[in-house]
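This structure is in structure tokens; I'll ask about it shortly.
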Amino acid sequence: MIRVGVVGIGYWGPNLVRNLYETDGVELVAVADRESDKVSKMTRRYPSVKGYNDGADVIADSSIDAIVIVTPAETHYAMAKTALEAGKHVLVEKPLTLLPEESLELTELADQKGLTLMVGHTFEYNPAVRRLKEIVQAEDFGKIRYIYCTRVNLGIFRHGINAMWNLAPHDLSILFYLLEEPPVAIRALGRSFIKPDVEDVVFLFLEFASGSMAHVHVSWLDPSKVRRVTVVGEKRMVVYDDLDSEQKLKLYDRGFESTLFEDGGILDYQVRLRGGDILAPKIENREPLRVECEHFIECVREGKPPLTGGRNGHRVVQALAAADESLRTGGGRIEI
Amino acid sequence: MIRVGVVGIGYWGPNLVRNLYETDGVELVAVADRESDKVSKMTRRYPSVKGYNDGADVIADSSIDAIVIVTPAETHYAMAKTALEAGKHVLVEKPLTLLPEESLELTELADQKGLTLMVGHTFEYNPAVRRLKEIVQAEDFGKIRYIYCTRVNLGIFRHGINAMWNLAPHDLSILFYLLEEPPVAIRALGRSFIKPDVEDVVFLFLEFASGSMAHVHVSWLDPSKVRRVTVVGEKRMVVYDDLDSEQKLKLYDRGFESTLFEDGGILDYQVRLRGGDILAPKIENREPLRVECEHFIECVREGKPPLTGGRNGHRVVQALAAADESLRTGGGRIEI
Amino acid sequence: MIRVGVVGIGYWGPNLVRNLYETDGVELVAVADRESDKVSKMTRRYPSVKGYNDGADVIADSSIDAIVIVTPAETHYAMAKTALEAGKHVLVEKPLTLLPEESLELTELADQKGLTLMVGHTFEYNPAVRRLKEIVQAEDFGKIRYIYCTRVNLGIFRHGINAMWNLAPHDLSILFYLLEEPPVAIRALGRSFIKPDVEDVVFLFLEFASGSMAHVHVSWLDPSKVRRVTVVGEKRMVVYDDLDSEQKLKLYDRGFESTLFEDGGILDYQVRLRGGDILAPKIENREPLRVECEHFIECVREGKPPLTGGRNGHRVVQALAAADESLRTGGGRIEI
Amino acid sequence: MIRVGVVGIGYWGPNLVRNLYETDGVELVAVADRESDKVSKMTRRYPSVKGYNDGADVIADSSIDAIVIVTPAETHYAMAKTALEAGKHVLVEKPLTLLPEESLELTELADQKGLTLMVGHTFEYNPAVRRLKEIVQAEDFGKIRYIYCTRVNLGIFRHGINAMWNLAPHDLSILFYLLEEPPVAIRALGRSFIKPDVEDVVFLFLEFASGSMAHVHVSWLDPSKVRRVTVVGEKRMVVYDDLDSEQKLKLYDRGFESTLFEDGGILDYQVRLRGGDILAPKIENREPLRVECEHFIECVREGKPPLTGGRNGHRVVQALAAADESLRTGGGRIEI
């Protein structure tokens, strides 16, 4: 039995509590939140679980093996550091930290201590995203030309971070998972319409050494909810729409074929459109957060490196920090 | 009767031929195209119309009052200039020209000669776009915060111009029509995946003096056809989806309300989400190209300045030229 | 505190358990199911709740005030009767019973004993259905001409009842709620493709004294899930699509206007189509089952008659029994 | 060259005129309509075509080989008979006639005279319907269990016929094309909401000797346009949505598998749900009416029996006549 404590049970925390509670091999020992009514709601639902108002009390509990941190982003670094120093395994919600030097420090600290440090990049545990990766890696897909992501809706306006830090970690983790390479440069353009200096709409543009490019549109200020990733390959194209319950993935057997030919001594390209079928593969119906929780517990138990470990989390923080710098220059190109 | 000749009957030209043929007050006298089979197909369908292989023959026909130019973009300037110099009124397909100095020259030439020069920014004649403008100008919409446009599909790969020059004129003309101001700066980021130096995917970012911003995504390399404009105002939001036959416009009575308040001597913003109804207003069912043709004929007959005259066309060419410059610098900010 | 026991925690029961557990004024005392692993899963999640393998043990618990019955339909009558006779208030999942004489007997028994008997016609507690009723009752909607309902998907194949008894209770309860009148005659046509004598596809046709009519299509054997109700009124039309997260209701300001006129001594009707806007009203975001649970507890506590009491449940069972008779005659018209 | 005349150029006629005009091997000689402005509009568009106000004049023109009849349904029989007697080949819009004895008489008359008689069941020339047939006939689809069709919208209110005679010919022709068998019995239930005795909403229920069944819902009184056919087979299911531009056909590799097993001496069925991929095959992009016109001309020229000849048209008229009889009895079962 891995004994676990959850710190932070605001919006997303209760989902982790529920999943951990029902994961085999886990004993959920304690939860903590500054808001007492949230704590009492949880302990009423799960009477065997202890409730605290201070995360430090959970970390101080020597019977606990692992800490799950679901507090606001600006507290991730200090909380995770304290937990690692106290010898606990740690699962932190995304983003891992707000500064790349912090995420690196945590990663190295976990390595030194031989502890599991994992970040909750939940889409890497999503069956649709895993199937998406199989599709884009197949030979008949061809090289990935570009990917664009749209993650917009109306609200929720988060405290402490802008829409990019709130939403883009998902897209960046998906991008890096699919492309298997870090970006070499990034641009970010955004606006703060609702609250000064808190960007609610951001467009990101990423360049990769392989020649692939990516575009990300995140927003808290959009009439409708969209969660969509489009991957355009040399031979096929695929759309992942997380809100489409029937066709989460649509694989289009379509594209252009261009042939170089000579016309009166001049080389030119003949471009031919190729249409084809659309395939919506069946996606296994598992809750990604459950897969994530089980993976965390397995890594803790067996000492395996997590799929979304510290270095994975660091890579995303690094890209976000570069994007932040670009935002401040009004869209300048920042090399990473 | 205004006597009209159409030069260029490739992909879009036949639509102009059909609409002009059926517009009251027009006598369609001649069509021209380099491809003889296209000409004979048209003259077979409309036996009263003369067919030529050279647009110059149509322009030279002294019985013709007005020339409609639907040839490839790189020929617009020379063809329109010749026609104006021959004393003909001119309707040119978008873009008006490929260089801003050319579009300005044509505009001034038409003014000097007292001739109508109009560019086929057909969306400004679209009943849905006109209704959209009424919506965003209404007081209960609030100031326009930002607009983003998506105009993507698979193909058609055009000769001579990239996807931006092919598709973005529509979005720019819609943007300037809605915002009633020119952009002050523009950035463009693109890639040429199919054919070297011909961008098939371009992202544009426009800044306006009023503080509004706009983003445009155009592509020839996308699995699905999308024609969508989203306008986010201070109080409401509206989506124009040209491919939605039932709800071309959706007006969302939704938004955020932020209030400045003092908390222990510190000023902060309280942000409150406001949900509301969605209204899809009935849109008059008229073919935009018919409205455009009728407007052109009316301007010719009555000497009225067209809604999409030379200056309107010039503004779009100017923005595209700035975007071109930005593309060549890999996304640098170009002031206009 | 109303002390409640839940009998049956298979597919739907856990939702009632969760909602009752979190409803103010309720103490969830016990759950029962023949399958021990289901019981232990629930008691693990809610350690304060006692678990039994036999519903009779829950009914026998004299500390319990109310029994919620979520067992297979064929057991509803006996279970509810035992519970009422033991002096318990009862909430039964739909359908109330399988025979109209049984549902009548239960209703009368509850009346005699002064106990609350309620059936879980959950859609009558659904905010969208309540808004739908406001819409169709408004004067500008006109008289309801007809309603058609589609409730189809692939599976779940239930034991003991056919697709009509499984799915149509929802549609019938919605129909009677909207129309406020019982049907005068009913026809049912069905087929048993998967299992002999268990209809998996059924079409119902209902006539009402007011002249309104209704059609219901239920199926377990359909490629896609559909949950849709269309109401056509004299002046407007409205569609309720339970699976559309953004536009659950769409009110169409459309219809025909017919005018009687005389043409050369012959009376004829001139029919004119009237198009108009579509309005998707904002729907309050409350879980219908929560509203239902709260309503049940309120009725128990205050002795109020429930919105979906025994007579309401009886009306639905009566219609289903008539439909069954029609099914057996291959679609004959059965008067009620 | 086959010399053709078109009688009736109201709503649908101009589409036939356009297609015939552009079909190779056809010379469109004349059009006729009672409304002079419609005639002059056509002759203005096609100046080589003669215009008449009376169809009889077109039939009387001895230079004409074939007559295309697009007049109101009640005139089909007399017009087609006159044309056949005058030795013309005939293409009649659906329904072929209003009475089965009439359609039989025309069929026999055409046979005697050795003339082509064809009915415009245009969906049998639709590439999506042809692909649909290939799908449902493939071995991996299994036997067709049932088909249901929805063909509803708001308007157009036709003169002389009800919604069933207006819309259901399409569905019946598709059903008989797919099933390759005539129905053995039919029921029809309808209502006349707008105009007395003119059903604007009709539900049809068809039984086939093979055990397959079909349901058809047609209506002029519906908020939205729907054109959908769902075919449920033993092993797969397929949906044909004519209004879905991207996925006209969706083939679901889904179904139930039921196995008979013995449990303590009792035989029972174990039912297992099988989920799978969805495939939207690429559909050839040809206008069905063009295919139909070319087929008619080919049959005339080569004396081939048409795919939708007199007997095909008769079968549909026979089913509609039986449905009419059922409508008059309020839904009684009529054997054919």
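Of note:
When the chains are written out, they are named A, B, C and D in that same order, and each has its own residue count from 1.
Everything that follows uses one rule, which is that contacts are C-beta pairs under 8 Å (C-beta built on N, C-alpha and C of every residue); 3 or more make two chains touch, one makes a residue touch a chain.
Predicted model only: the values in this text are computed from it and were never measured.
Think of it this way: of C-D, B-C or B-D, only one pair shares over half of the A-B contact pairs by residue number, and it is C-D. The interface holding more C-beta pairs in contact, when A-D is weighed against A-C, is A-D.
For the pair subunit A and subunit D, the distance between C-alpha centroids works out to 52 Å. Between the Cα centres of subunit A and subunit C there is a gap of 41 Å. The set of subunit C residues that touch two or more partner chains comprises 224, 246, 275. Note for the complex: subunit D touches subunit A at residues 246-247, 253, 275-282. The touching residues of subunit D, counted against subunit B in their complex, run 21-22, 45-48, 224-225, 243, 245-246.
By the touch criterion stated above, subunit B contacts subunit A in their complex at residues 145-146, 148, 154-157, 187, 189, 191, 193-196, 201, 203, 205, 213, 215, 217, 221-224, 230, 232, 237-239, 250, 252, 254-256, 258, 269, 271, 273, 275, 330-331, 333.
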